[in-house]
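Below, chain A partners chain B and then partners chain C, in two separate complexes.
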Partner chain A sequence: MSAPSPTRTPPGDRAGEHAEPAGSGGPHRPRSRPRPRAAAGRPHAAWALPGVLFFTFFAVVPMGLAFYLSFTSWDGLGDPEPVGLDNWRKLLDDDRLVQSLWLTVLLTAASWVFQTVIALLLGVWAAGRQRNRAVLSAIFFVPFLLSSTAIALLFYALLDPNFGIIQENTLGSSGGAFLAIVFVGGWQFIPFHTLLYQGGARQIPEVLYQAAAIDGAGRYRQFFSITLPQLRHTITTSTVLMVVGSLTYFETVLILTKGGPGTDTAILPYLMYEAGFKSYDFGYASAIASFLVLAATGLSLILVRLTGFGGMRSTREGM
Partner chain B sequence: MSHDTLPRPRPRPGTTGERPTGPPPAGHRRHWTKRANPLAGLGSILWLVVVLVPIYAMLSASLTSQDKALTGNPLSPPTSPTLDNYNTVLNSGFGHLLGNTAIVALAVVGIVLVLSVPLAYVAVRTRNRWSGLAFRLFLLGVAIPAQAVVVPLYLLIAKLDLYDSLLAVILPTAAFAMPVSVLVLVGTLRDVSEELYEAMALDGASPQRMLFQLAVPMAKGGISTVVIYAALQAWNGFLFPLIFTQSDGPRVLTLGLFNYVSQFGVNIPALLASVVLSGVPIFAVYLVARRALVGGLMGVGGK
Partner chain C sequence: MESINGRSNGGRPTGGGPGEGPSEGPSGSPGGRRAFSRRWVLGAGATTLLTTGLTACGSDGDSGGGGDTLTAFVYGDDAAKIQQTAVDRFNRSGAAKSAKGRVKLERIPGAEYPAKLRTAMGSPSAPDIFFNWGGGSIRDYQEAKQVVDLTDTIGNDPALKSAFLPAVLAAGGLGGRNYGIPMRGMQPVILFYNKSVFAEHKLRPPTTWDQLQDVNAKLKKAGITPFALGGADTWTELMWLEYLVDRIGGPEVFAKIQEGDASGWGDPAVLKAAETVKELIDDGAFGSKFSSVAYTNGGAPAVFAKGKAAMHLMGSWEYSTQLGKFPSFAKNNLGWCAFPTVEGGAGDIRNVVGNPTNYWSVNTRAGNKDAAIAFLKDCASRTYARALVANGDIPATSNAAELLDSSPNPEFAKFQYGMVEKAPAFTLSWDQAVGSDVATPMLTEINKLFVGKSSPSEFVSALKELK
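Moving on, here comes the complex of A and B:
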């Protein structure tokens, strides 16, 4: 397969080129079927270039730059000065790093359980087409219409001990602050995940339930034997979005707890924000950011592998 | 989800005529209407309380004067409702914040569409090493948190002389909305059947014509998902405005809300009024175009 050839190449060539990758996996079309002109209308790969360049400039280059900056000392003014591994040594010696990683794991796990259980049940329930379910679903969606900032402010106000519903300093204890972040995250994102599950549940073929009913399976048996297994793709998608999202509870933490009490809710992005934009130690902030990039990339590689997102292209081959 | 949240008369359970009143959606099925599920009903009522209590407390407190708010119970209805808090917020430059946010959202949606649609089209239609690489780049990009690159982006933005401008918010926000957009579009475009492309190719259509006359119209669902997703990213974005802007000029809504915390201090009713006002535009869209909004968001999850 050579470099992208212009679209006017003799059709035969391009058709061959098209058939080639299909051979690598999945059932592919019979080769005997002639498809001479189909390939003629394929766009040049260069069409993708503006988007790739734009994304590279604003997302990929900065990632590289973060690594570079992590080996420098820079206060935001003047030029970064190389300091070797200083920032990384400092980072690995920083007690807050371990605390913050542990916090992220706990936060992700707690949020996942809270959001998945409720969203799944609500989603499957909302997939029914009764009138009351439709009305309630419409109301359940309302929190998602507010921005994370607005929601964090709302709960900041409601949890204020002088004002709020709970006349206690919830955010003053580390357990309370942690639970508040999990709850606020759930309050905001459960509507969205409910929607995903509702969509997923509606696509389960009815015959499965009919067959199960004939076999005498009750409602709960059907839920565990049909609904849950059939929803596995939705569960993966929703999980990916939740895990990636839990790295970004930044607004919630900044507004609700400022990382406190002490540093008990200081997730990595918050530590980075403080190091960079509060202490003007951009070198150290970049080391934290690089660590975050490594963690996120590792996570996404694992997720891509687990979920088969990468296989997206190939599903078409079988059609 | 289009069909579902809209209440419409259902056939009684047990009747033989199962025909839906609207166009039959893929999942319009018998078992959903079989019988009531009391446990699930109870659970949904509980969740309703969890959703509504904070919203009610917010609305009620935003209508209460500041001195009363501190003494009364936030769950009891306001005794003498007042719109003072809303006036306070509206007189603190709220319209300006709203305008900036609308500009950012429009620009982000525009950039994302113009760049992502051809990209996804190439990823689906042109199979070679380069389009494969491009697709993989965005696949990995899905998990890059914006937080991870905010320091170097700050450097780039400063070097480009964009600091403290709306473009400083628009450009990175658009870039970070692209990975999910590309994935959603690829997911939709790959369902356009090969035969249709072949038919157009037989007519001698150029790739451009196929894109605009076949791919784009067929991928309407995916495109509306992308529009909604990108607009929400822009609307809700907080980190980029926080780091890349400073003055009142380019301040957007989320950052404005954040600043109200220090501006209003202990005036929590005014703060809550600003939260309510910030939700009004999206809520209006939700009332008018709930099906499109909800259906589009469902598309983020693929199928």
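Moving on, here comes the complex of A and C:
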């Protein structure tokens, strides 16, 4: 994944990008002055070195290696043998991949709905000035501080059919296992997204609400006409993180269901793990990994583009 | 698992990439525009890349193995204490001094042992000596010429050769060559039953399938699940198929598959076994929640010990599991018997499935092979066998019979020893007998059969597709 060159931005979007901000920007915004100032004020490029090196060695290089391995056959012993496109062909033919892809999409959609609705409401609430708000917000944040593995083990014990709290065949039934994964993921990550929404909602100027109140808008009208539109960049950020997070969701599946019952919760990252660390087919596992990288990158680019987030239009136009 | 990001959203705040923050507002100049497109591409890209940074690098084997110290990887359960004692004894012994080597034991946590061993063996810090299950579990290593052929070592040492039961020694090899030395207890799969439940309902352990169905019917009438099954661990389901295929078609059916002939799955015995499994499930023989129950977290053993289920098909380690968790049940009410015959089936009731034992093998890259082999020879010693017996295990040594009186439970020990010694055939657990590339999809298909995701005939045709 070499850094795309700036010229790759389609021209159509460029016009859109700066036409509006230029209009609203105006001379009273000294910060938006172009390049010369930025170049002078920026720290030396060497400051980026630690970060760049870290990223190179722990993300770019392994990813490059995985991409290379996807064109080889390797069982973890000896040297990888080049096999051309065999793994990628297998990827296209694999029935399990189709199921896996579908499950991943389903998990992403279900997680998005579950997490966004709750996080948005909680976040907006937490942005207010009620009594005990700070204490409750801190408590809500706790799940995010726990490790995924600990959370999954905890819920695994709670869902035990003989000794747990919910003594049903939850993890042994397709629907139950899937919902359990969505729920546990939500339980863990809602606090983080709540925090995003809380921050976003805090930024909304009070005057908007005051003006709306004068115009006679009630609580719900204010929420839908002011809060939601003002939070649209936050929603995009949160959505991108959720989508990419769901695409790489793994530990919970491994611990709760091991992809089962049968293959009914074997989402892409689990399929990759199984191919690599159970079947020792590292070539095929790398093909799945590369596919995941491409899919996740593509999806987030599309999301950012569709939502106009790339343009960074201000939510305060006309204020 | 080391290779996986701790959190799925791990890339979160760093995702902004260059140009984060309010200092770069919207700009009208071409330069600013470029900064934007770069920002969103890089930002989105960086987030994605960080969060999808899952790649195939998982080894942190720090064994080194250089110099005179040999590293030995062992499956890190409770029984590893016996290997630790053996290592300490060896390091003090004259054999270690004359071979100028020492052994360092590394206990690898259980469930991930095979994956950990694999990544280590592919890295420069591979172990010199490693625990394995013989047969298919070492096939890839043997093909990569990473295991020392011990055939001549054993052949030239009468004491070593005669120390172990020949069938068990052979199961540690491949294609008639020896690659492993037995180093743990034998692990046949046994049908355990709850004596008090059986007594209460006037039942006798079944020896034929008809009797078993009769027992099941009576138990269900009494509201007791006939069999405990930890179906969340697919290998527990595998045991049922292993025995059923043996009892219906004889040990030859799987022997053919083990040799790499996938058409062997087409044998009518496999289909019949799968249909029998389906009948048992439909009949409620495992209860309704078995696919949520695990063995490894103690679920199935607890269901069994508490009398909610009357029988449990499990490896011989079930005894020590129960002794650890429910000692009074293990001592007073735990009964055991052979898996029943199936009417009209070809398999002998004395045939056994399971793991003959575990083995030590030596890496061809081991620096000091003489020391490694000297260490392996200690497994043939009486001291080592006694330590196994004292732990409740049955060593695969030919002198085991005379040591069994000192076992914590001589009655169970002798039953187990007799079972293996008299067995006309000992079928290695399927998932260990075939290569990992076949074992993984095979286990998935078995799980699908048990949870009703595929019918017996779909099960058979899926297995025939495995290479």
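Simple rule for what comes next: the second predicted complex is superposed on the first by the 248 of 319 C-alpha atoms of A that agree within 3 Å, B and C clash if a C-alpha of one lies under 4 Å from a C-alpha of the other, contacts with A are read in each partner's own complex, and residues count from 1 in each chain.
Keep in mind that, in the parts below, a residue touches a chain if its C-beta (ideal position, glycine included) is under 8 Å from a C-beta of that chain, and two chains touch if they have at least 3 such contacts.
From a predicted model like this one, the values you see are computed outputs, not experimental measurements.
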Partner chain in contact with A:58 - chain B first, chain C second, else both or neither: both
Residue contacts with chain A in the superposition, chain B compared against chain C: B
Chain B versus chain C as contact partner of A:219, first or second or both or neither: first
Which of chain B and chain C A:137 touches, first, second, both or neither: first
Which of chain B and chain C A:198 touches, first, second, both or neither: first
Chain B versus chain C as contact partner of A:261, first or second or both or neither: second
Partner chain in contact with A:296 - chain B first, chain C second, else both or neither: both
Residues of chain A contacting chain B in one complex and chain C in the other: 1, 3-4, 17-18, 20-21, 35, 38, 41, 48, 55, 58-60, 62-63, 65-66, 69, 76, 147-148, 156-157, 160, 162-163, 192, 240-241, 244, 247-248, 250-251, 269, 272, 276-277, 282, 285-286, 289, 292-293, 296-297, 300-301, 303-304, 309-310, 312-313
Contacting residues of chain A [partner chain C, same complex]: 1, 3-4, 6, 8-9, 13-14, 17-18, 20-22, 24-25, 29, 31-35, 38, 41, 48, 55, 58-60, 62-63, 65-66, 69, 75-78, 147-148, 156-157, 159-163, 167-173, 185, 189, 192, 240-242, 244-251, 254, 258-264, 269, 272, 274, 276-282, 285-286, 289, 292-293, 296-297, 300-301, 303-304, 309-314
Interface residues, chain C side, partner chain A - complex: 1, 4-9, 11-12, 15, 18, 22-29, 31-38, 40-42, 44-58, 115, 118-119, 121-122, 140-141, 144, 146, 231-232, 234, 288-293, 297, 299, 302-303, 308, 436-437, 439-441, 444, 447-448, 451, 453-454
